[in-house]
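Shared chain: chain A. Partners: chain B in the first complex, chain C in the second.
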Partner chain A sequence: MKEFKPLPAQPAPNDTIGPIHWMKENLFSSPVNTIVTLAIIAFFATVIPPLVDWLFISANWVGNTQSACTNENGACWVFVIAWSKQFFYGSYPVEEIWRVNLCLIGLVAIIIASFKLNKDLRNKIAIPLFLLLPFISILFLDGSWIGLEYVSTDYWGGFTLNVLLAAASIIVAFPLSFLWALGRRSDMPFIRSVSIVLIEFFRGVPVLALFFMGSVMLPLFFPEGTNVDKLVRVWIVLTLFMSGYMAEVFRGGFQAVPKGQYEAADSLGLNFWQKTLLIILPQVIKISMPNILATFVMLFKNTTFLLIIGIFEMLSTTQTALTNSNWLGGHSTEGYLFVAVVFWICCFSMSMISNSIERKLDTSHKN
Partner chain B sequence: MPEKPLVKSSPSFFNNPRNRSLIYQFLLLIGLAYFFYGIVSNTLANMEARGIKSGYDFLSTTAGFDILMSLVPYDATHTYGRTFIVGLLNTILVSTIGIILSTIVGFLMGIAHFSHNWLIRKLAVAYIETFRNIPLLLQIFFWYFAVLAALPSARQSMSFGEMIFLNVRGLYFPGLIAESGAGIVYGAIAAAIAGIFILIRWAKNRQNETGQQFPVLSTSIGILLGLPLLALFVSGFPFIWDFPALKGFNFRGGITVIPELMALALALTIYTGAFIAEAVRAGIQAVPQGQREAARSLGLKESKIMKLIIVPQAMRVITPLLNSEYQSLVKNSTLATAIGYPDLFTVFVGTTLNQTGQAIEIVFMTMAVYFVINMSISFVMNRFNASVELAERN
Partner chain C sequence: MKRVTSVIATSLAIGLSFGAQAGTLEDVQKRGNVSCGVSTGLAGFSQKDEHGTWSGLDVDVCRAVAAAVLGDASKVQYKPLTAKERFTALQSGEIDILSRNTTWTHTRDTSLGLNFAGVNYYDGQGFMVSKDLGVKSALELDGAAVCIQAGTTSELNLADYFRANGITYKAITFDTSDQTRGGFESGRCDVLTSDQSQLYALRIGLKDPASAMVLPEVISKEPLGPVVSQGDDAWFNVVRWSLMAMVEAEFLGIDSASADKAKAEGNPSQKRLMGSEGDSGSKMGIPAEWGYNIVKQVGNYAESFERNVGTGSPLKISRGLNAQWNKGGIMYSSPVR
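Showing the complex of A and B:
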């Protein structure tokens, strides 16, 4: 009897494996696709070499003044380098810049600490410090109350102002928006309607109108003679604006917490605040984290709007630099490109973090 | 004799939830009343000290300043009330352009994310991730100060077929001036639009009853083009072309799009388009894979699967997101003030407020306008949402 002997397996045909197959599948799968692919490649081939040349090869990198930009065909990065201190710190005195850096380091350290520390330390140290940080930072940056040299808010500016203002606003907005969201879910009709009006007002009005309110109308609201600093007014406005959006984020989070959690907390005999702060809030924050980050990215981008009411954040410093009489060479593309890259890196990395948290939380088995 | 309960059936006064909630609300009411009383009395005192009169009388005073662009006749002799109208129309104009264009860009890029072509997929991702993460104001500045300001001067204008001109002062294209008899053409356009609505209803009903499909899109385009063309021939072309021409240092005639409008519309379109593309992507991804597989196993073509199975289901996710994107586009159009496009904010909150000092009235009117615009968008989108929503059996 003849024994069955299978033939040795043939290698897969060349066009079903490897890069050739991939290209066939993804680039040249149909005549239309082939044409599109070739058109896109042709477009890149014409655009990228001159762009790279302008950006890097012919670009001017060294020097301090406009006259150092000798090559007309390249970007004048000297402009960005010469103004970089202004872009990041505004007109803050050079020898005091360590104070700004200290505040930034404090912010980063507290954020890292609240992720790394164990629960007890986090609740007792990291969170109170986090909530106090804006006020500590103000003490340091201003300096007059703690024996450092006084730096008026007129000199604060640059990218660090964008970061610190956005951070200070979201930190104060956290408890505020949580209260608003609670109010909106409350059974008490008057508290609920007040919360709804607040939330919808700050979400429905253009943030620019709010800034104008802050700079034109807020002084009218205070008793005569009180002079509230411009930056403080902006901070109030940004916080309220942010609270409106975050309250809605928290509301979504509240709705996502299963009803059983509330019932379990009730049956343990916890009172309202114990239930809300110990059982519900931690779950709400966890669920809403991606959306909180997304809202923060929006707020962070919106801090550039402060240019319109004359606060020297990064974009406004760039505008000033572009109109400086020593640099009237039309460096707007370089300037905007630099600011765009700085913001892009920050916003993109935050949205990456938000995506990864979302993926970690997503336990569904769709697709 | 009735038994006395061992435990009191009702809790003590302060532990009664009803009493508690009444007390809390009463406290809030007092707090708010005190807050508003403080604000109002401070404001009145401050206004008196600064000599500001309140009221809306200023609306009928002569404005005395010019506005760069106006859709209704306007010059410096008109009133402040008129500046409000001019600004409002300019806001509506740029918002409408932005909403239409960003929807087109957004849907194209969102669907491109699912293309069979790897390069197109990557381009869509690059577009979304680049423009979503750069502040809008920066993009407006980039288009206005870096791109449009680099266009050639009026004498060296870029020309497209000697009809459309583009230079640093704006975009010029030919306009139509209506003569007598144009009413027939306008009537034909209105009739065509009404006809299309009736056609869509009829085709939908027929498909529901008999299952037969009707080529709605091509017929609609046919009606929309055919009827006005027919009217044009019947009435003997009651329009004259108004071509832009270089006179002196600038172009005259035709329709002018000022660079401020171009930069703002461009930036709003690209920025919001990236968000809409992301919404469309999320919507399509939310449709379960099984739907696509089921459609394939029924033998539908790929293009039909997208149109009949995927997009209608994705619209349920997309529509609420579109609603909020449109609203934020309208709110973001206030950034016009940074480059001087005369929208409601620039004209009314900017110049008019500066001249009259009526801060409270003007800010209140402006906020009310944005509220009303956003409510209308919300209303329309909610109606639309109701039509795409899942019809569940109760």
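Showing the complex of A and C:
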């Protein structure tokens, strides 16, 4: 009996492999495709070299005044570099910047800790710290209550203000919106109607209108001589705005929890708060997490609207820099491009984090 | 009953007037700084540099007041305000002075509960054209396309001016002054109109500033000045005279370099301004050397002007109307005596 010997594997025919074949198949398979491919190549060939040249090769990097931007065919990054301290920290005193950094590090550390710590420690340490963080940060940044040098909110600014304000708003909005969402599902008519009015008001009014109310109208209602700081007013406005949105996100979460879960909790004899906090809330958070993070990205970008009420967050710092008489050379492209890139990096990393949390929490029966 | 009502009304009125008069000046002295509303960024008038330091013609008014009241021009708390917030901030007492290129108009002076303490810059709306156009006067602009920022009084002034002179134009509106400049530069319009102080700043931003020129016509009156809230006369006086002291110092020939000399051995009117003679300070409830402090630390009006918007700055605005009255302008101060 002749032993069966399979033929050795043959390489694929030359016209079905390799980059050339791939291009034939995907880029030049029909006359229309060929034309489109050529058009796109031509487009990139005309756009990219000048762009790269403007962005990097001919760009001006060194110096600290406008006159250092000698090459007119390139971007004037000197502008961004010279103003970088203002862009990131505003007018916060240079010797005190460690306080801003400390708050940022605190924020990042708590976020990392809530990923890494086990469940018990997370509930006991990370979550309370998270909720306290805005207030601790205010103590540090202001300084007057804890014996550091007092820094008035007029000096706070830049990108760190965007980050800290967004974080402080969402942290306070978290419990608040949860209560509003509970209130909206409540059987008690008064609580229900109050919650509905609050949620619908803050969801229905544009955030710009809310900012104007906070900055222009509110001070007129206070008795003369009492001034609530503008930044605090804005913080409150942002928090309430955020709560309105998150309450609806939470409500969606509540409705997605199967009825059996409520009934199971009831049959165990748990009271209302035990049922809500121990059984329902964890499931609600799990379900709503992607939406919460999406809402947070929105809020983070909304902090740039503060420029219309004269708070020096990053975007309005850019505008201020553009009006300085020593920098009147038309650097708006560089300035806005820089702001856009910084915000894009942050928002993109947040959606990456959001994706990973989603995967981690995914215990559903999808598969 | 009637009497009771009138008693209540009177005591309320007294209480209110006391409330209004319980002065900003004392508050400022107690607090140790002047809270000053400025613009969020306007070249030459109130601008922040990359180190966070404020400077500008409007900022110098605040510094002068701080120098007069507290003896230290750096004791100013700057509150950047947008155009919409500025009057509220003053009415609610958040700021002591509003020095934010605010035009002195009848409506603002009479109906908003505030007072203009003087004028630190006489502005007016003008036109910028490309030199290639070969136009020498705004009256030759019949049929021109005009770039303009939407929602400003400039838009209304423009319509008035062209209608009054029976010539036509086509308005091309933009949202921000940056975009307006872009429109002008790309040739979408022949003319750009705005306040003259702005035109110079916009002109520097052009790729080739020398290709554009500002026409001589000024089609509106825009006196800009510091504002305080109404009903606080002591504070009003301090602000008004701090501004006057700068103008008067220029008139008397005192600048920051010669302030010491003028104080010690000047002529009588110089000495009165510098506080080494007379009691001009105590009449306002501020230190006798208030005038000296202003001139020494901030400078006279000419120094402030040249440093911020004039030859010492990139803007290079000529004095024009803002020169002293005896040099062809209308800057005039009452004597300190």
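In the analysis below, the second predicted complex is superposed on the first by the 321 of 367 C-alpha atoms of A that agree within 3 Å, B and C clash if a C-alpha of one lies under 4 Å from a C-alpha of the other, contacts with A are read in each partner's own complex, and residues count from 1 in each chain.
FYI, contacts are C-beta pairs under 8 Å (C-beta built on N, C-alpha and C of every residue); 3 or more make two chains touch, one makes a residue touch a chain.
These numbers were taken from a predicted model, which means no experiment stands behind them.
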{"item": "Joint occupancy of chain A by chain B and chain C, clash or fit", "value": "clash"}
{"item": "Contact breadth on chain A, by residue count: chain C or chain B", "value": "B"}
{"item": "Partner chain in contact with A:Gly310 - chain B first, chain C second, else both or neither", "value": "second"}
{"item": "Partner chain(s) touched by A:Ser325 [first = chain B, second = chain C, both, neither]", "value": "second"}
{"item": "Touching partner for A:Ser91 - first (chain B), second (chain C), both, neither", "value": "second"}
{"item": "Which of chain B and chain C A:Asn33 touches, first, second, both or neither", "value": "first"}
{"item": "Touched partner set for A:Ala82, first chain B, second chain C, both or neither", "value": "second"}
{"item": "Touching partner for A:Val297 - first (chain B), second (chain C), both, neither", "value": "first"}
{"item": "Which of chain B and chain C A:Leu270 touches, first, second, both or neither", "value": "neither"}
{"item": "First, second, both or neither for A:Leu102, with chain B first and chain C second", "value": "neither"}
{"item": "First (chain B), second (chain C), both or neither touched by A:Leu179", "value": "neither"}
{"item": "Common ground on chain A, meaning residues reached by chain C in one complex and by chain B in the other", "value": "212, 216-217, 219-220, 222, 224, 307-308, 319, 322, 332"}
{"item": "Chain A - residues contacting chain C, complex", "value": "72, 82-83, 85-86, 90-91, 152, 154-155, 212, 215-217, 219-220, 222, 224-225, 227, 230, 307-312, 316, 319-326, 328-330, 332"}
{"item": "Chain B-touching residues of chain A, taken from the complex the two chains share", "value": "26-27, 29-30, 33, 36-37, 40-41, 187-191, 194, 204-209, 212-213, 216-217, 219-224, 297, 301-302, 304-305, 307-308, 315, 319, 322, 332-333, 336, 339-340, 343-344, 347-348, 351, 366-367"}
{"item": "In the complex with chain A, residue positions of chain B that touch it", "value": "21, 24-25, 28-29, 32, 39, 42-43, 45-47, 49, 116-120, 123, 129-130, 132-138, 141-142, 145-146, 149, 288-289, 327, 330-332, 334-335, 337-338, 345, 349, 353, 359-360, 363, 366-367, 370-371, 374"}
{"item": "Residue ranges of chain C in contact with chain A within the complex", "value": "19, 40-44, 47-52, 77-82, 84-85, 88-89, 91-94, 178, 181, 201, 204-207, 308-309, 313-315"}
